[in-house]
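To start, the structure under review is shown below, and the notes come after it.
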Amino acid sequence: MEVSEKKKKEMLWTMILSRKFSDSLVVLCKTEGKIPGMMILSTGQEAVGSGVCAALEFDDVIITNHRSHHHLLAKGADPEKIMAEIYCKQTGCNKGKSGTLHLAVPEINAPCTSTVVGGSLPIAVGRAFAQQYRKETAVTVCFFGDGAADEGSFHEALNLASLWQLPVVFVCENNVYAGAQRYDAHTRVKDVAERAKSYGMPGVIVDGNHAPAVYAATLKARQRALDGGGPTLMECKTYRLRGHGESDPQHYQPKDEIKAWQGKNPISRLGKELVESGVITAAELQEMESKAKDIVAEAVRFAEESPFPEARDALEDLYA
Amino acid sequence: MEVSEKKKKEMLWTMILSRKFSDSLVVLCKTEGKIPGMMILSTGQEAVGSGVCAALEFDDVIITNHRSHHHLLAKGADPEKIMAEIYCKQTGCNKGKSGTLHLAVPEINAPCTSTVVGGSLPIAVGRAFAQQYRKETAVTVCFFGDGAADEGSFHEALNLASLWQLPVVFVCENNVYAGAQRYDAHTRVKDVAERAKSYGMPGVIVDGNHAPAVYAATLKARQRALDGGGPTLMECKTYRLRGHGESDPQHYQPKDEIKAWQGKNPISRLGKELVESGVITAAELQEMESKAKDIVAEAVRFAEESPFPEARDALEDLYA
Amino acid sequence: MQKLGLGQAVNQALREEMHRDPNVFIAGEGVGVGIHDNPVFPTFGLLEAFGPERVKDTPVSEAAIAGLAVGAAEAGLRPVIEIMFNPFFTLASDMIVNHAAKLRYLSGGKSSFPLVVRIKSGAGFGAGCQHSHNLEAWAAHCPGLKVVMPATSADAKGLLKSAIRDDNPVIFIEHMGLYFAEMPVPEDDYLIPLGKAEIKRPGKDLTVVTWSGMLGVAMKAAEKLSQENIETEIVDLRTLTPLDKDTILASVKKTGRLIVLHEATRTGGFGGEIAAVVMEQGFKYLKAPLRRVTGPDIPVPASPPLEKFFIPDEDNLIQAAREIL
Amino acid sequence: MQKLGLGQAVNQALREEMHRDPNVFIAGEGVGVGIHDNPVFPTFGLLEAFGPERVKDTPVSEAAIAGLAVGAAEAGLRPVIEIMFNPFFTLASDMIVNHAAKLRYLSGGKSSFPLVVRIKSGAGFGAGCQHSHNLEAWAAHCPGLKVVMPATSADAKGLLKSAIRDDNPVIFIEHMGLYFAEMPVPEDDYLIPLGKAEIKRPGKDLTVVTWSGMLGVAMKAAEKLSQENIETEIVDLRTLTPLDKDTILASVKKTGRLIVLHEATRTGGFGGEIAAVVMEQGFKYLKAPLRRVTGPDIPVPASPPLEKFFIPDEDNLIQAAREIL
């Protein structure tokens, strides 16, 4: 499929923004007292968030998981609001209730994040059911990891989605690890995509480090869903360049494996492609980088200057 | 595979016993005050219990589900003890704690029944793990229905069993219905056996109304498990001739469908085969029938004459 | 007034709400075509009335059913899902407890999850402990949920209609024993607010706080005690959370004596919550120790004499009353 | 005496029991190779010590992990499985509640299920409510289970060893906040019987019943109150079920005043059970109303000031004490 230059530039941009965002968090989360909780980053996996979301319209919904930053930024979340939430500030998109792990951004149709592994899948089924029920021209995308594909919820959700031909795209980000466990230490199926057959739905394997490939596959799956063809299971092969979380020393990840995947960096890869094909100049690429840096710096400033919520605000927002 | 005459006779016998057992319950459960609870029978599915258990040794373990009578009788359960339990009597195999639904017969290595749909699968994984851990020459068979294959527990159990190459045989009794739901109304996968691929294990489809076929497939799966080849998913295609339970009017089961499957009765089929091939005489067949009838009548008499447990016995048997 | 079993009252509430609001749909195992072709059951005839788009028979997949409700509710639909028997709540509990109950809070109040989880519950069917296990205390311990347990058909109708219109996740637990008892039910658009207990019988000597299937036991015992001039006040909670503390405390203030009666097993049951609330806020009113009359701390056994032993009855209640009078 | 964090004490207990009994094995997510390469965590180094046959890293499949334990225990092995965080108990709850807890009863006492479910629990990590949710009250409401919640490293060692040797399913809940506090631990084969509370501080004016992470809060508050000559008796339950009623009642008999302190949310928490037991059996000893000091009825929020608000502290306890003294 021919991917437009505009889309390619858009994807490059959201990947760069996402990486700058992560890179700043790598440092900030280690600075005592700045950011509470576990810090889980998507460094190296940006092509998945960017490629998928580039294929979506605003009305399309995403349901994401614990490794959500790249999904949300690509879908259009305000970096300030999510950075402030990561800082657990009152100005955060969830007033500090969520923190970094459960960012909920309904204003961009990313209404919930589940940090329960596999939790995003049944909810996505429900969200897609609502789209079908109301005959909306929109789909739901569900992000989850390779580890989540071993949870019972994966199985139940895919079966039900296929049975009812719901407009949902299941995007498995296979980053080779589930926590400290290598992919082949948690299942014997060679590809997660193979599991699609168990539900009578198409399963596709995508180069998850190439945004245009992810974009093209998503576009196709989305169209199929809109046409009433039901769900697709898309497995994006990628790699978790950092530890599970930032406190993980990666003692179990072979150094040369990490190095090899660093060489497949989705951002420099697409950047190089676009520069070489003349879509952008090297200067424009640099400009994108520095613009992203500025946006992230601004988001950090906003977050740091924002107040914490008041203790008793804890009692708000539970019941409607 | 050549199945010995002895085995064939054995299977015919356990099927006949099982059918007589069910037939008597059809009547008894409708007699006010005789048997409490739901009555779930396996009429028409006897070849699965008989074929599987004929391939097992005493040390092999079975874990069964709500539709368990034919499994237990084929594994060698004492008809009196289980009939008394079905009657909820003190002399029942579980002293009336279980009733018909959760018959546990550890003395024949049928240690538990789960009436939670899908509940038998993770437990079977654990039981097979113990066999592997202790390097026993024995396998675990897990019985479950086509409906159970949509539960998350199915997925998690098969993945784990395959990952660790546990000596377990998953026997799916596809009787076309899960409750009132036809098979094709609960999933889009044509055969449950197809799902084996999701876990990197062999999946086989077996004529579930032909005991020798079930026997042969089980023997193979058992040997594979003993050889360290790991689990097998066996789908036995059969049919639930009666309602889900005896209070189910079968209003959703097409009459001609029932009729067609009555024509495939596994008992008369094997009986005819054995008579025609001269393995038994028609007289012997009749003798088997009347002997089974006597055994069941004796079991009913035993159950009916047995006392109920004392009210305060309810407090016993919870903690070890 | 029409007389209906509790299941039929639920059926009527579902029908009325589905007529009123196209966003209401139902889903679950056998809610369309079920194994019982019998009008006493709650979803009888709804498939015929509303069609397969709004009456969704599902596979045996409790987590997916609950997730369906969570996602659809976020979108503004009003799902009413069914958990066939209370013990299977376990299989849906991650979706209900970690998601339905928490996601609004996690969104900082931006999203709502207006869903109802109907659960069939109760001992007395000889089905044993994997089908009978009263777990209302679990749901009542989860902030973000509301827990409703009607004891009469009229309450079931009025409370279910309110539950469906409520913007929060509501756990609605039906005691199956009440499906078979016909009771008067208002024919109109009858609503009962969530969070309000009801005095089902006034009295001055003794307060019995109860809910669901045990109301009948309380009423019978009160009748007998009345013959000895002991007048029992019966508080039917109807809603466990939010708990109507005022009604409980006012009654204890009047009588000075409290028994909590529930079918669930004793230790960790919701009876403890009532005890604690009264001990905290009504201590000065109390003239005697508390009694809890509950299921014993065992799984529900199948055999009739054992199951009968499990289920609290009038005699247990009367004995407890005598101990504190 | 050696000083260990609670996680290290758990580690020692596991090591000793695995050495003692070849039937003991452990399983769970990251119990072998984990994302923390850190000796404060409970399963550190066990893979190296006992090999992959007995230290089983599993996929992210909580139901299968729990089922593994149920089946293996029936066969006579002694599995110790880990649930990474308490909210994920939901996903294992069918196997634990409907199977581990009930199957012995259903067998009429023929089979046993000697298994331990270790659960990491507690707020205070900024991880939010899908990781922090204290659900001990759920397990304590399930007949057939025993529920253990140590508050010190020594208790953790002694109780876990007893739990592993117990022939029943035991839920063993570890407060992660205690992993980082070094406390003395006996070096020998140290066993503490299940079902015995311990007076962690004697006093005559006021009883505080508590468990797990809240013991530290109680001790600090008691210290402060003591400066005003108010002597607090602290009962550390250690085991929630079977509940050591005798120790609680003896203390209330002595002091006449009771506060229950737990981190879990209030409504439906296990504090209600303590209240009910005392109100039933110790009513005549009571001189003042009960106070419960607990987490408020909200999910655990992520933001530090909100999370701090959630977790009960000394000031909350001292204030409650003043109210009833």
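Lettered A, B, C and D in written order, each chain numbered from 1.
Just so we're on the same page, a residue touches a chain if its C-beta (ideal position, glycine included) is under 8 Å from a C-beta of that chain, and two chains touch if they have at least 3 such contacts.
Everything numeric in this text was worked out from a predicted model, so none of it was measured.
> Enumerate, in label order, the chains that touch chain B and chain D alike.
The shared contacts of chain B and chain D, listed by label, come to A, C.
> Determine, using the mean of C-alpha atoms as each chain's centre, which chain is farthest from chain A.
Centroid comparison gives B as the farthest chain from chain A.
> Taking each chain's centre as the mean position of its Cα atoms, how many Å separate chain A from chain C?
Each chain's C-alpha centroid was found; their separation is 40 Å.
> Please work out the Cα centroid separation of chain B and chain C, and write it as a whole number of Å.
Those two chain centres are 36 Å apart.
> Could you work out how far the Cα centre of chain A sits from that of chain B, in whole Å?
Their C-alpha centroids are separated by 45 Å.
> Going by the contact rule already set, what residues in chain D reach two or more other chains?
Where chain D meets two or more other chains at a single residue, that happens at 58-59, 61-63, 87-88, 91, 94, 98, 105-106, 128-130, 143-144, 297-299, 301.
> Residues of chain B touching 2+ other chains?
Chain B, residues with two or more chain partners: 95-98, 102, 114, 116, 119, 150-153, 156, 159, 163, 185-187, 318.
> With chains as vertices and touches as edges, which is it: line, ring, star, complete or other?
The chain contacts form a complete graph, every chain touching every other.
> What residues of chain C sit close enough to touch chain B in their complex?
For chain C paired with chain B, touching residues are 29-30, 33-37, 57-63, 87-88, 91, 125-131, 296-299, 301-310.
> Tell me, which parts of chain B touch chain C in their complex?
Checking each residue of chain B against chain C gives 36-38, 88-89, 95-102, 114-119, 147-148, 150-152, 178-181, 185-187, 243-245, 247-249, 251-252, 308-315, 318.
> Which part of chain D faces chain B closely enough to touch in the complex?
25, 53, 56, 58-59, 61-64, 66-77, 79, 94-95, 98-99, 103-112, 114, 143-144, 166-168
> Could you list, by residue number, the parts of chain A that touch chain C in their complex?
Per the touch definition, chain A meets chain C at residues 63, 92-98, 102, 104, 106-107, 111-114, 116, 119, 121-131, 133-134, 140, 152-153, 156-157, 159-160, 163-164, 316-320.
> Provide the residue numbers of chain D that touch chain C in the complex, in ascending order.
87-88, 90-91, 93-94, 97-98, 101-102, 105-106, 128-130, 133, 135, 137-138, 140-144, 241, 243, 260, 264-265, 267-276, 278-281, 283-284, 286, 288-292, 297-299, 301
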